[in-house]
Every structure is written in structure tokens, then in C-alpha cells.
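Below you'll find a set of structures to go through.
In the two complexes that follow, chain A is the common piece, with chain B as its partner first and chain C second.
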Partner chain A sequence: MNKNTLGIFGLLVAIFAITALLNDKFISAYNMQNLIKWSSLYAVMSIGVAFVIITGGIDLSIGSVVGLVAVVLAYQLKVKGIDPGQAIITTMCMSLLIGLIHGLLITKAKIQPFVVTLCGLLIYRSLGRWLTDNQSLGPVPLEDDKGYANIDTINSLDQIFSGKIAITDSFNLPTPALFLLALGIAAALFLNRTIWGRYLFALGNNEDGARYSGINTDNMKIIAYVICSFMAGIAGILFAFELDSVQPAQTGEFYELYAIAAAVLGGCSLRGGVGSILGVVIAAAVIRLIYNSINMLGISTHLEFGILGIVILLGVMADEFLKRYSAQRAAAKQKES
Partner chain B sequence: MKTRFLIVIMCALSLAGWVGCSKKTDSEGDNDSSEARIAYVTNGVDPFWDLCAAGVRIAEKEFGIGCEVHMPTKGVVDQKRIMEGLLAKGIEGIAVSPVDAENQTPFLNEVAENSKLITQDADAPKSKRLVYIGTNNYKAGRALGKLVKEALPEGGEVIIFVGRLEQLNARQRRQGVIDELLDKPEQELSSVKFDAVDAKNLTAEGSKYTILDTRTDNFDKAKAKSNAEDAITKYENVKCMVGLFAYNPPACIDAIKEANKAGEIKVCGFDEQDALLQAIKDGNAHGTISQQPWEYGYESVKMLKNILDGKQPETSFHEVPFLVVTKDNIDEFWAKKKEMAELGKQD
Partner chain C sequence: MAEARTPLLEVRGLCKQFPGVRALHEVALELHQGEVLALIGENGAGKSTLMKILAGVQPADSGEYLIESEPVRFQNVRDAMAAGVALIHQELNLAANLDLAANIFLGREPNQFGFFQNKNIHNEAAKFLKRVGLDLPTDTLVGNLPIGKQQLVEIAKALSCDARVLIMDEPTSSLSQTETETLFEVVHDLRRQGISIIYISHRLGEVKELADRVTVFRDGENAGDLAKDEISHDAMVRLMVGRDLSEFYDRQIHSPGKVVLDVEQIRTPEHPNTEVSLKIHAGEIVGIAGLVGAGRTELLQTLFGVTPALGGTIRMNGELIRPQSPRDAIAAGMALAPEDRKLHGLVLPMTVRENASLASLKRDQNKGLLNFPAEEAVAEEAVEQLQIKTPHLEQVTRFLSGGNQQKIVLGKWLALTPQLLMLDEPTRGIDVGAKREIYRLMEKLAGEGMAILFVSSEMEEVLGMADRALVMHEGRIAGELARNELSEQAIMQLATGTPLAA
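And then the complex of A and B:
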């Protein structure tokens, strides 16, 4: 664990301890299980955007991709009655394709990531609304839907994506946590243990330098955007099954901001070249924990955004301060010797 | 290199097209705008407005007048642009749900000078609109309170969920629920006194009910569900959840089901999302208050037609009756909703 991750973990423990002291129901199994579930859902998205941010880019379309994937999935399962396995694969391919298009537009057509993904945000949102006539629909079909024939398979998919695994009598582990665990480990290995991970960091630190040293920076960037949209796609499927209802105009709206906030709080620099998966996952958990604490302590919901903003700002400021302090100390040490 | 890039883009677009084109493209409704004399303008895009549009279509036929339906997607600016276009076309009457009534007043007055203007769903009381067509949200709130009393005859702890309390209709609904549960005297809609938005543990002498809190979610369904879950954690004795916006009751039902508290915690709601109707049918929710959105469309067209024929409205508020839906009338109501949703789908 690097210093930054340790810091954000400290923040998590501190908020956790304070809330637990002030409200004894906070640590109930039921609440922990909810907290883990929501943290996992948001962390999956945040891991994706961390890749893009490490390369020095940005993805503003995450929320719309979550929405579109959820809509297309529910539309296929409920309205069209397509084979559920095929529907899942189609939506995954769609999210990969979206990432590929972003990557190609950014690297080959040389359009700025902000612009490409901003347009994506608008396009995917309206595609989802157009496809469904803006009617809300759920992935699990009701009796008179065409997809009702596949209800057994869909129910087992529901169990996979938003089910619970009994650990003790009272505590059930929500399945999204397993998705997070698998994806998180894979992402961390990719970033820290493979040559491509090194390339991503190198590219984020100094793109020209990386290119001159023989790295195919375009391909690496494309990979980062594909990973980001793919993670958003997985999150879209998880959200669709978790909420059992998809509203084309609202599902996933502004979620890119949660994802970016978690990535930044978790130690990614928007300048690129820095970031850790564990930090991002913990930061996503901190954000959900803040929401949970606000409810548990009965603080007015109107203050939520304010509290969230202040915590993120303080977290990033403390991080910056620590960095400068340790740099100064290192410089002083060097002088002495 | 360039050609390869183009090919990739073409493939991507054709695939995206395939996803989209599997959808029907025929247009059933006759939205013949060439002879439309009046227009119905919503405050956004929502399934709710499709139900309203169904009422417009029925009234068009019944009263023999053409009506355009417009759903602005981007708030105030888009709504203004649409209405300016309608005026330029010489439309004779407009029924609008203003996005921001207070600040749009000067513009609405301008519209009222050039056309017959009425408001529906949301009012702009300071403008020169001829009449406002809408639900009495305070009364509807009280009716919802009565549903809660039916669900909990013994009394108990109640918690309220809503998208946001900045909106007048949300505040009126909430106050109606509170006043009914605490047996307070009925207030006049125009001068309702509100309890503080963050008031906790509201109760009154002689009342068997306590309103624990009101939690907001800013229209985020995931947040709505986690709010309901957190309430289950925090309040062991909560007996009834009240959802004031369409998506709130389904979120509560989900959370209760997952906590294995079905039956233990009752749900009463507003509006008519399918998940709520299904829960009422299955006995997992007690009932809901429907504003019968199609009546908004129907009454708006009828009113504009009367005004154009020279019959001025008698009062400045035309109340659209709401409907209390419980297990007793759920089948009939749901069938009607399905019929309206089909009719109102945008073409």
C-alpha cells in the first residue's frame, strides 16, 4: 500500500468509527451488506475511469454508457424476449465497441477526449431514450411480456448479478462484491504486473517520451478507453438487476462524476501517470460510506453534496500537502548528506 | 491507414444501427400538425407525459380540434424556444407546464398576449395565464395519509421518501400526509403552512402516528433505494414507507423485499409505475394515489377549445380529480393505464 492509499484507508476507518460510535445500528449485518453492495457497484465504474485518467485522459460518458447498457439489456430481455445469455453478450460487446470508438476517435482522428466523451454522453443517453420511447422498463419481465418465456434463466441471472451468498446466519455477501473482487484483482495485476501497465503509466507521465522510446501509445490509449467503457458496461448490467427498473432518462445520470471523484480521491492525478486500483476502490467505498453515514446520523439529505464535496476536497488537499512535505524532507536530507 | 479507420467506423455505426433498428418505426397516432390550432407543452420527457398525451389524443377526436404535443428535452431554454416557434406559427392556444414558473413569468405574459395561455400540471400564479389545470396536491397528500391509516390502523412509525422538496407539489403532498396522520385541520391549498423540511419525529397529541423523517434523493433511483435500506437499518420499528414521487414506492418495495420484511413494513405511494401496481396486486403495497395523467391532457384540450369558442373559465384553478388505487380497483386501473400508455406513445 502506498502512502496515498494508506491515507484514504485512514479516512475510511475514521468515518466508519465515528458513525459506529454515534449509531450502534450502523454496524448491523444488514447495513454492512448494503454498504458493500453499493460500494462495489460504484467501484467497478471507478476502476474503469482510473485507467483512462492514468493515461491523462478523461471519460465523461460513463453514466450514459451505464444507462444505455441497462436500457438495451432490459429491452432485449423484457420486450424482445431474446435469449438471456445472448443479450448479456450483446450488451458487453456494445460497451467494448463504444470504448473502441472513443479510443479511435481520440488517437486516430485526434479529437480531445473531453469532446469525444462529452458527445458520447449526449448520444448514448438519447439512443437509450429513443429505443424505449423513454418508457421505464425492468430487466425481469412481467407475465404479459414477450420475454416471460425466459423467466427462469433471467431469474438465475438476477441471482448472479444482484444475489446474495449466505456467509453467516445474518450476513449475506452481495454478489456485486465478487464482481468487484475479480475485476479489481485483474485490473491491479494488469496495471502493476504487466508491461502494458508500465506503458500506461509511462504514457500518462510523458506521452512524447513514451512514444519516442518505442511504445505504441495509440494502442495503449485505445485499450484504456475500451477497459473504461467495458467496466461501465458491467456496472450497467449490475445496476439494471439491482434496481429492477431502468429509466432511460435517469439511470446512470451523473455517475461519471462519482467515478471521477472516486478516482481522484483514490490518488489518480488528472494530469496522468499516477494511480492505484486499491486506492480507487477504497475511495469509492468512502463516498458510499459518507452517504450511508448521513442517513444513519439523520443529517438532512440536502447537505449530502456539500459534505461529499468538502470531504473530497480535504482528502485531496491533505494528499497534496503530504506529498509536498515528504518532498521537502527528502530534499533537506539530501542537502545534509 | 485512413481507409482502415473509415471501415472500422462504418462497422461500428452499422452495428449501432442494428441495435436501434430492431425497434418499430411505424407511426400510429395522427399527429397532423398542419391543422393544429392549439399546443400542449410539457416540462420535459417522461413516461408521465406520454400518458398525458393519450388524453390529448382522445380530446382531439372528441372535440374536433388539432393539438400538437411538444416535450422539451433541455429545460427552460428548450421550452422557450418551442413556445416562440409556436407563436411564430400563429398557434391559437397553448397549455404549458412551466419548468420554472417564477422566473418565466415575463415570458409567459408575452405568450398570453399573443395566444390563449393556460397552465397545467404546474402553475405560474403570477402570470396572466387564464386558468391552471392540476391536481390539488395537498388534498392528494391527505388522501395518501388516509391510505396509510388504512394500512396501519393501530398506528406506528412512518417515513417519507421524495425526489426533492424544492418543488411546491412535493411540499404540498408531504404536508397533506403529515396533516392527515396527525389529525390536523385541513388547510387551504393557496396558504398551506409547511413543517420544516428536515423536521424529525413529528407527532401530535392524540395521534397514533409518528413521521420519523423525510429523505430526498435528487431523482437518483439508486439513491432512493439506498435511502429506503438505510431507513430499515436505522428505524427498527418503522411500519410504513410513503413514496411521494413515481419511482420512490418501487424502490421501497425492493428494499423491503430484500430485507425480508414484506408484510411487516407497508408501502403507500403516488403515481402509477408498473412495479408499484404489481406490488398492490400481490399485496406487497397497500395503495397509491394516481393523478390520472391522461385527464391533464384531456382537460387541457377541452378547456382551450372552450376558450377559443368564447367560453371563459369560471375560476383560475380547474381541479383534476385524483384516483385512490388499492387492491379493490387495481385490475381495472392497470388496464386503463396500459391502454393510455399505448395511445400516448410518441410517434
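And then the complex of A and C:
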């Protein structure tokens, strides 16, 4: 664990401890289950955007991709009655395609990532609203709803994507945590153990330097955007099953900002070239924890955004000062020798 | 004589340290009124650092800086200008979209409550332009002027700030022969007007022609001074390299082997209307000389696939290749140590290990997984073979000296055993010790049959290292000189577009 990850982990523990001390309902099985579930959902998106941020790019379309995937999935299941397995594959292909288009526009047409994904944010959001005529709909039938084909398959998929695994009598582990575990390990392995991960860090630090060393930087960047949209797609499916009703205008709104915030708080630099999956996952948990604590401690929910903003700002500032301090010490050491 | 008077500008015991590099150590310099002092030294000798300190761009760590015997301490360029010291940069700092008058008074526009008082500045500007021999309408846009004239505008601008000391950093590095001659006349004129000039140049011929005195730097220290009548090519070189040239450039001529690189009529995007053809043999060291902007770097970049060729053919070992990216060129057996190490050669925030292995990761991979032992071995081999001075393999390359950084770039390529090694300004910003090691390495690699193509703006380097030199001028190869034909004069003539006298 590097210093940054250690720092963010300390922050997690501190907020956790304070809230636990001030409100004994905080460590209830129910609250913990919820916290783990929502942290996992956020962390999956955040891992995706971390890849893009490591390349020095940005993806603003994540929330809209989450929304569109959830809407399209619900639409296929409820309105079209398509085979659920097939529906999931279609939506995943759609998110991969979105990432591919982003990557191609950024590397081949040389449009800035901010612009490409900002337009994506607008386009995917409106596509979802148009497809459903802006009507809310759920992928999973409510008890009295008979309007679904393949009810059995849908229910078993619901168990997979939004189920619970009994650990003790009172505590059940939400299945999204398992998705996070698998995806997080895969992402960390990719970044730290494969040549492509190394290439991503290299090009994020110095794209020309990487290119001059024979790395196909365009392809690597495209891969990063594909991974990002893929993770947003997975998050979209998880959210769809989690929510009783997907709202085309709202589901996933602003999620890109949470994901970016988690990535930055977790140690990614928007200048590129730096980042750790574990840090990002912990940071996503911190963000959810802050929400939960605000509720638990009876602080006005109108202050949610403000507190979140201040914590992220302080975290990033602390990191920056620490970095400067250690750079100065390294330089001083250099001078002595 | 001049020696008896108090110097106009004097520094004593100046020191400056950068992370990992001792840029200046106990440096002294004197400049008298109306004197042209040439400051020479190899790349990395500390000339530029001293100039920046003199002109207030950066402060010294310690030492004295006196102007007319008064100690001064400049916080910024403005302070230096106020004291009459102006730096004429290698890269000109003019606003291309503004006219001459506006450029000369940029930042000092006569104004009332922020509104331009436009009337006088054209008359005033004309006065200063005249002093540098520029007779142009003052409403000419600077962007429309050739580079040589822009430089004169820059000088006029300095004069308009009452500069008494002009520091010129390689002013002729991108000028044509006529422009160079005009500049020399201006320098002579300014001297007559009592302006003192510190003239930095790599061209010893120029120095001989212009300088009243020469101060030589080597490795951040004073290496010696030469009075007017002592200035000679040999004396300058001896002081610059600190030993006889033959010992420094230890070359054995290898009988060249088969043709490794065969280029026919390629056109680079930078000079789309000129064609370049050349051949490099195994075991041969070929230098490319020429002025800045002659298309040398662009040629290497095109060969390496950075900026793909517009036409023509490139053959490696007889096989036709079309490098569209460095990846293609590397696959064909090429390597390039680029001119800008920090931007193109290394990934500075990464470690010695990560940089040294970056090009060979793919070869050593284990189904996409990093092969850590192989990676370590590549880095260790580089450190050992090239004697890279680093505390450990996990050192971030940003903190290493220029020489060690360059060695890491070379180590990265040697791990792939390329057949053609291209070096763009291989020793820029490198201390003399590391420089010598890089020359030895080039010699050793050529001896083992590698073909080496290098671009250099340092005359001595081309004269000392090349078996053969290609001189470029405006995108084409103006001439080729065999080792026994190599001379500074011949290179300069070809580089400035003058055909060689038969």
C-alpha cells in the first residue's frame, strides 16, 4: 500500500470510528449492508474512470452511460420481453461500443476527451429518455406486475446482481461487493502486472516518451476508454437491478462526478500517470461513508455536497503538500550526497 | 588598456546547483565597457546557467555579482533590465501578431489610465531600429520578418530599455550566411556605441572574428581566458575539452560493412518539397551537421516513423519498410535517442528500471504479464554496461543528471540490439566525463558492427566522431564530406548554402 492509499484508508477509519462513536445504530447489520452495497456500486464506476484518468484523460459520460444501460436493460426486459441473458449481452456490447467510439474520437480525430465525453453525457442521457418516452420502468417485475416475459430468469438474475449472501444470522453480504472484488482484482492485476498496465502509466506520464519507445499509445488510450465505459456498463446493470424503477432522466445523473472525485481522492492525478485501484476503491467507500455519516449524525442533508466537496479538497491538498514535502526532502538529500 | 579600468560587470565565486547536477562552481567573469566577450564551452559547461543568472532569470546559490563595482541581486528579468543587462534568447520572445513598434514597447506602452498613447512610439521605435541597421516601417508585423531580422528587433528592444550589456545566446544558430554577416556588423556597431556584449557560440570561427576576449567554461568551472591575440581554434578547443582532441574523440575507422540503411528520395512533412537520399553501412558513424532548422531532427524523426515520410523509399538491410510509427521502425531494427531527452527520450517520473525496460517489455512479456526478472536484468545490464550512476534501480529518472539520463535512453535501446542507432544531439546538456563515455560507447558499438547516425550542432563533435558527415541546408543534403575532407569551414559553407569551392 503506498502512502496515498494509506492516507485515504486512515480517513475511512477515522470517519467510521467517529460516526460509530456518535451513533450506535451506525454499526447495525442493515446499515453496513447498505454501505457496502452502495460503496461497491460507486467503486465499480470509479475503477473505470481511474483507467482513463491514468492516461491523462477524463470521462464525463459515465453517469449517462450508467443511465442508458439501466434504461435499455429495463426496456428490453419489460417492454420487449427479450431473453434476459441476451439483453445483458446487448447492453454490455453497447457500453463497449460507446467506449470504443470515445477512444477513436479522442485518438484518431484528436478531439479533446473533455469535449467528446461531455457530448456523450448529453447524447446518452437523451437517448434513454427518448427510447422510453421518459417513462420510469423497472427491469425486475414488482409483485403484482405480470407484464414481463421470462420472469423466472429475471428473478434469478436479480439474485445474482442484487442478491444477498448470508454470512451471519443478521448480516448478509450484498452481491455487488463480489462484483467489485472480482473486477477490482482484475483491474489491479492489469495495471500492475501486465505490460499494458505499464504502458498506460508510461503514456499518462509522457505520451511522446512512450510513443518514442515503441508503444502504440493510441491503442492503449482506446483500451482505457473501453474499460471505463465497460465498467460504467457493469455499474449500470447493477444499478438497474438494485433500483425498483429506472428513471431515464435521473438514474446515474452526476455519477461521473462521484467517480472522478473517488479517483482523485484515491490518488489519481488528473495530469495522468498516477493511480492505484485500491486507493480508488477506498475513496469510493469514503464518499459513500460521508453520505451515510451525514444521515446518521443528523446533519442537514442540504450540506451533503458541501461536506463532500470540502473533504475531497482537503484530501487532495494534504496529498499535494505531502508530495511537495517529500520532493523537497529528496532534493535536499541529493544535494548532500 | 581595458584591464586597468573597473569592469562594467563582474561576477566572482558564483555557484549554482540543480538536483543531481552541479551547474556552476566558483565561477568568475569580467566584462568591460565596449567589449565583446565570447563565452564558449561544450554543451553542459554552464554557459546558459550563467547567462540566466546574469540576466535575472534565476538566482545564484552563492557568489558575488557586481555592476560598476556595486553588488547587485536580481530577483527577476525586470531588475536586470533596470540595471542595463538584457538577454537575447535563442528562441526569440517577440509577439508575431504585433508590429515592430508595439513589440519594442511591449509591456512598457506609454499609456494614460490604461489607454494607449500611440503617437510617439513609432518615432521612438524607428530610432532604436536604426541603431541595429533596420530600416523598416515601424508598422510591419514581426511575424512577417525573417528570423535574422526578428533577432535585430529583439536587440533594438533591449537597446530601448537602455541596455548596456547585451547577452547573446547562440545568436547565429538559425541564421543564414547573409543574416550572420549583418548581425556581425551590428555587433561591431554596438561595440563602437559603447555597448558591452557577451557572445555565446559554438562556432569557433565566429568567435575568432568577433571577440575581444574569450572566457572558456568546462563542467561548470572556469577553464581559462584568452586575450585577443591568443584566440586560436586549437587554443579554444584545448581549453574546452581539457585535453588534446585526438585523445578525447578516440576513433578507429572500421571498414564499413554492408549497407544497413538505404534511403532514397524521402520527403519529410517539414520540408515536403525536398528529397533526401542517404546510405549508412554497418560499423559506420555518420554525422549530420547543419544549422538549426535545416531539417536534421525532422529527417531522423521521419526515419523513425514519428512523422511518416511523404514519399520515397526506406530500406533496412535491403528490405523495404514504411515506418508509420516508432513501433514500426523499432521492429525493423532502428533506435532513436531523441534530441529532447526529457520530452521524448524518457518518462521522467518513472524509475530507472521502468525506463530502461520500456522498449523491451514486449519482447520479454509472458503472455502479456510483466516479466519482472527479465525487466530487472535489462535495467541492471544497462546500469552496468553504461556505468549509469544511480543509487538504485528504483530511482526516479528526473533526479539523475543529463548524462545519466542519456545513458538510460541508450540502455533502453541497446537491450534490443538495434542495427541502426540514431542519436539526435547525443551529448547536449551532458558533462564532459559522460560525454567521453558516450563517444567511447559509439566507437565500441560501431566496432561491433552497429550503424550509427547522429545529428549534432557541435562542430567539434562532428569533426571528432564522424567517419563521414552529411551537411543539411533547408531540408536537403547540401553536401557530403569524407573524414579527410572534414573541416569547420567546409561544414559551415555547406550549412549556410554556399557551394564548396572546387
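Here is the rule we go by: the second predicted complex is superposed on the first by the 329 of 337 C-alpha atoms of A that agree within 3 Å, B and C clash if a C-alpha of one lies under 4 Å from a C-alpha of the other, contacts with A are read in each partner's own complex, and residues count from 1 in each chain.
The rule is simple: a residue touches a chain if its C-beta (ideal position, glycine included) is under 8 Å from a C-beta of that chain, and two chains touch if they have at least 3 such contacts.
Note that the structure is a prediction, hence the values are computed from the model and not measured.
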Notebook entry, point to check: Aligned on chain A, chain B and chain C: do they clash or fit?
Noted result: fit
Check: More residues of chain A are touched by which partner: chain B or chain C?
Finding: B
Next item on the list: In degrees, to the nearest 10, note the angle that opens at the C-alpha centre of chain A toward the centres of chain B and chain C.
Entry: 130
Next item on the list: Based on the superposed arrangement, let me know which partner A:330 touches: chain B (first), chain C (second), both, or neither?
Entry: second
Item checked: chain B versus chain C as contact partner of A:214, first or second or both or neither -> second
Next item on the list: Answer with first, second, both or neither: which of chain B and chain C does A:273 touch in the superposed model?
Entry: second
Checklist line | Touching partner for A:134 - first (chain B), second (chain C), both, neither | finding: first
Next item on the list: If you've got the overlay open, could you tell me the nearest Cα approach between chain B and chain C in whole angstrom?
Entry: 11
Next item on the list: Could you give the residue numbers on chain A that contact chain B in one complex and chain C in the other?
Entry: none
Notebook entry, point to check: Hey, which residues of chain B end up touching chain A in the complex?
Noted result: 1, 5, 8-9, 12, 15-16, 19-20, 22-23, 45-47, 50, 165, 197-198, 200, 213, 215-217, 219-223, 225-227, 229-234, 236, 247, 250-251, 254, 258-259, 273-275, 278, 341, 345-346
Item checked: Complex interface listing, chain A residues touching chain B -> 23, 25-26, 28, 30-31, 34, 38, 41, 72, 80, 90, 94, 97, 100-101, 104, 108-109, 127, 129-131, 133-136, 138, 142, 164, 239, 242-245, 247, 249-251, 253-254, 291-292, 295-296, 298, 300-302
Next item on the list: Could you please specify the touching residues of chain C with respect to chain A in the complex?
Entry: 17, 19-20, 304, 306, 325-327, 330-331, 336, 338, 343-350, 354, 358-359, 361-362, 365, 368-370, 399, 412
Item checked: In the complex with chain C, residue positions of chain A that touch it -> 193-199, 201-202, 205-206, 208-216, 273-274, 330-331, 334-335
